[in-house]
Amino acid sequence: MIEFKMPALGADMDEGTLDEWLVKPGDKVTRGQIVAVVETTKAAVEIECWQEGTVSELIVPVGETVQVGTVLATLAASGEPAEEQPRRRSRPARPAKKPASAPSGPRATRTPPAVPQHRRWVSPAARRLAQSLGVNVDTISGTGPQGSVIISDVEQAADSKTTLTKPRTKPAASDRAAQMRKSIAAAMGRSKREIPHYYLVDEIILDAALSWLIARNAQRSIDERVLPAALLLKAVGVAAQRFGEFNGFWRDDGFQPASGVHVGVGISLRGGGLVAPAIHDVPEKKLGELMDDLSDLVARARSFSLRSSEMSDPTITVTNLGDQGVEAVFGIIYPPQVALVGFGRPTQQVRAIDGGIRIVSAVQATLAADHRASDGHRGALFLSAINELLQEPDLLEK
Amino acid sequence: MTDTKLAHELLSDMVRVRRMEEKCAELYSAAKIRGFLHLYVGEEAVAAGSLRALADDDAVVATYREHAHALLRGIPMTSIMAEMFGKQEGCSRGRGGSMHLFDASRRFYGGNAIVAGGLPLAVGIALADAMLQQKRVTACYFGDGAVAEGAFHESLNMAVLWNLPVLFCCENNLYAMGTALDRAQSQTDLTAKAASYRVPTMAVDGMDVEACHTAAQQGVDHVRDTGGPFFIEFRTYRFRAHSMFDPELYRDKAEVEQWRERDPIQLFTEQCLLDRRLSEADVRDIETSAAAEIDAAVAFAEAGTWEDAADLERDVLTPASAR
Amino acid sequence: MKTSYRTAVHDALRDAFRDDPRVVLMGEDVGRYGGTYAASKGLLAEFGPERVRDTPLSELGFVGIGIGAALNGLRPIVEVMTVNFSLLALDQIVNTAAALRHMSGGQFSVPLVVRMATGAGRQLAAQHSHSLEPWYAHIPGIKVVAPATVEDAYGMLGPALADPDPVVIFEHVQLYNTSADVEALTPTDISRAAVRRSGTDVTLVAYGGSLGKALDAANELSLAGIDCEVIDLRVLRPLDDDTILESVRKTHRAVVIDEAWRTGSFAAEIMARVMEGAFYDLDAPVARVCSAEVPIPYAKHLEQAALPQTEAIVTAVQGLFGEQP
Amino acid sequence: MTHEDTRSAVMSVLTTIAPEIEPDDIADDALLRDQVDLDSMDWLNFLRGIHKRLHVDIPEADYASLRTLADVVGYVEKSASTPD
């Protein structure tokens, strides 16, 4: 039996509220399939399941807030028999997000024991009241006729909820901002308490990169144009692949290198707050692909619809505050990661180059790194590698 | 009234009815008139002769074969035709149709499509007249079929019991829809049935308009004089089917033809021409003016308007404003 | 002063006669006999045989005569002995009285009042005991009222007579002997339902002979901590939805009590309207207590078993509550 | 398409990118970046939106000339009047 747990989508996530189940008992789940939506303080996040099997039981009902690590559902691995129970047929199956691979005829007569024979009995008035009070009727016990949930049950639940738990409805915008503030505070506080940061700065001359980009973009329609941000991202990703001690996690008093390079991108949200979801496998992606991913990610982050893997997977983070006009940014590492690369605003500088004086476009690249996992020397080499990559931008194209 | 003038009016009444009914049959085939349509062709002498005997403030209760009665009580042919078209200019605002022509101002209490349904109503109207000391007559028309209904017996009984001013006009056309009188009644002499309630009765040739008129006049006089009821059986015949959708399986064509030889219009026309009460020109004039009246009625009905369906639920109960 | 329902009906008739010379009473044994339920006792002597008319046993005939008389200036009150007998007059009520105004395009109205006894409880068996008033409530063009109290037994007749349209009044046989302390009998209305007892937990909807049972059940339930609101429908047509829905929106529960049979019943109509108008306010399914689906039997214990009883109402109400009231 | 139509289409794209702004608060001749919080990604998405909605492809070289709302609207109108 496989246990599907509430994932930790970031160091600042202690709990999540199950917003929606996208599978039901009896559904086959493939690796990477999105099976649920979880409301976090940052966003409603689509949760993928990384194991294959057949859903046996949905343990946590919609609306319930549970700690990270709580078993949300159980799955029977392929070959493992699910417990026998006549499958109820009266309710039409919820349409699957993806076309079901199962045959369209009568489904296997297998279902987990915990599923009730009928939809939860909730009186119409109780259901309406619950909705307005933000109470999840599935989690409260009914005292009405035949165990139905009635108005007084909802009122009682609402009373205890206001003293014990947070509202379970989707937080309103201001609510969300406050929640996010709190979680950023927790994560960054922990980072500064636990992580011995060191900082390095290097100036990267962008003339080659920018002129290459201008030439590249000039031949393309607006939908194919690439921003310098994507180029910087790619350079960091490729460099991080070479300097593994900056790509991974500090856990249990030791460094765990990550297998892929998933670069977290700091995205500031309109109305305040910040998320840093991952773009997966950056070194393997073509520049155009990366740009598309970046564009998509920003849009989804700002509309609060990220996927769990994007939230939990970053192995290193890039923050780009250049647009805001600052020259350099000294970031705080997002635990349990061990490094953060920052870029400021490209500026025109007078520099002596090859014995002559030239006006160049330059950007301040910074590295904040965890001294437990790496030393300044390696950090300097890492930053230099980024610099060098940006001098030969055509190598970053593919 | 001179003989000539009366003859002219009697013939004119019958012709107007006959031509209107024929036009209705045509318009029914053209789908301008729908629902059930019961025509009076052949029976014109009864309505023409009897209604003439009534005073203006007397009341009439009729059946679903009541176009003639409505017309001859003075409801304009235009509003009768508009009613059959279902237009709101109709005498029942298009809510009634062919079987439910009404006119409160003429004390015309309608076409009642429940066989014998009008009899208790007529007795009640007469009761009110009697109690309110109105010396008015209520003429109640019904067919031979109604005689089989309990309402007939209950009504006659109470009208006599309470001595109420009702003129019962039985239009015996020998068929209750398709059931011949002798297949429905143990006693086919309907005056005998009525007489058992001790109501004075009379039977008259319903194909003879003058006889119908005379009989009705006698009946009305009796009712008005005594304040009690009177019963007349008009022995008549309908030439056309019961309603438009009736293949007439129940009677011989020969029987119909035999009765047609006693067509009341033809009989009366011949009689009047013979005794010179009317000239050929008079007869032509009557036809011409009936045709013109019908043309105008059809045009009026065609030009009529449909009531807004949003007003569907009006006239179910009396609106507060009308109380 | 204690006044009986019977007296209230009688006084209402007497006062109507005194107030309006157009009023006549017609029916079987309304005169010399004094009315089957003695409601018209003494009226013949006071107002004479013209206005208090004993009729032959001709329900169809005299109801139709009542309609004709109403059309032509009188204000007739027609008494039909029981609702079972009124089936003989159903044609005149449905096909003429109710339809005349409409099919004449609004030219005629029928200011007729038909009174009849309804309901069971007196061991009158299957041809004198039924509650067919819902049949009448089905018909557009008439008003249907069911006075359940002494006040209404008196008070509804005046407005019914004043109404330009046909009004059918149903007097439950078990009510004639009931009485109440009433200071003065005055006209009431024939348009609204009445809240006879206010409460917060459940709405009991009843009319006519069932009102008392509903109130008894409410009293009993109050001992168990369930606070019932009791609505007396009073008018079955046109139905006063607002009073019912307003109450259900407050209590979130409803039980309908109707002595008519359950299938195709008036109770079903009330339930449907509650669903339509207050579904999201309901905290439990709407329940009903109706008569068993048998022609009413003669034997007392069987008759009682067939009818809605207070205990059944109590049980139905309790069924709407789970572990806690 | 009238000037007003163009302006409102451009504004509609802008409010999609930056839903927090009040269209009435945007002055035509003030620097757009002073009035709206737009980073380079937002700016690109803004221009992509214009491309999609109004079929005007603005080359990167022209970005610098688009500083105010009036600039953008004017640019769109000019491009629309000259066939591709």
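Note that the chains are named A, B, C and D in the order they appear, and that numbering of residues resets to 1 at the start of each chain.
Note that in this section a contact is a pair of C-beta atoms (placed from the backbone, for glycine too) under 8 Å apart; a residue touches a chain by one contact, two chains touch by 3 or more.
On a predicted model such as this, the values are computed, not experimentally measured, just so you know.
Located most centrally within the structure is C, per distance between chain CA means and the overall CA mean.
Chains B-C form the pair joined by the most contacting C-beta pairs.
Our note on geometry: chain C versus chain D, Cα centroid distance of 73 Å, whole angstroms.
Centre-to-centre, using mean CA coordinates, chain A is 89 Å away from chain B. Rounded to a whole number, the gap between the C-alpha centres of chain B and chain D is 83 angstrom. Centre to centre, using the average C-alpha position, chain B and chain C are separated by 40 Å. For chain C, residues touching at least two other chains: there are none. Chain B has no residue in contact with two or more other chains. Counting only residues that touch two or more partner chains, chain A has none. Viewed as a contact network, the protein chains form an open path, each link joining two chains that touch. Shown are all chain pairs that touch, namely A-C, A-D, B-C. The touching residues of chain B, counted against chain C in their complex, run 59, 61, 90-96, 100, 102-104, 109-110, 112, 114, 117, 119-129, 131-132, 150-151, 154-155, 157-158, 161-162, 314-318, 322-323. Partner chain B is touched in their complex by these residues of chain C: 22, 24, 50-51, 53, 55-56, 58, 60-74, 76, 88, 91-92, 95-96, 100-109, 140-141, 143, 163-165, 238. Interface residues of chain A, counted against chain D in their complex, comprise 214, 217-218, 221-223, 225, 227-229, 268, 270-271, 294-295, 298-299, 323-324.
The residues of chain D lying in touch with chain A in their complex are 18-20, 37, 39-41, 44-45, 47-48, 51, 57-61. Of all residues in chain C, those touching chain A in their complex are 252, 279-285, 319-324.
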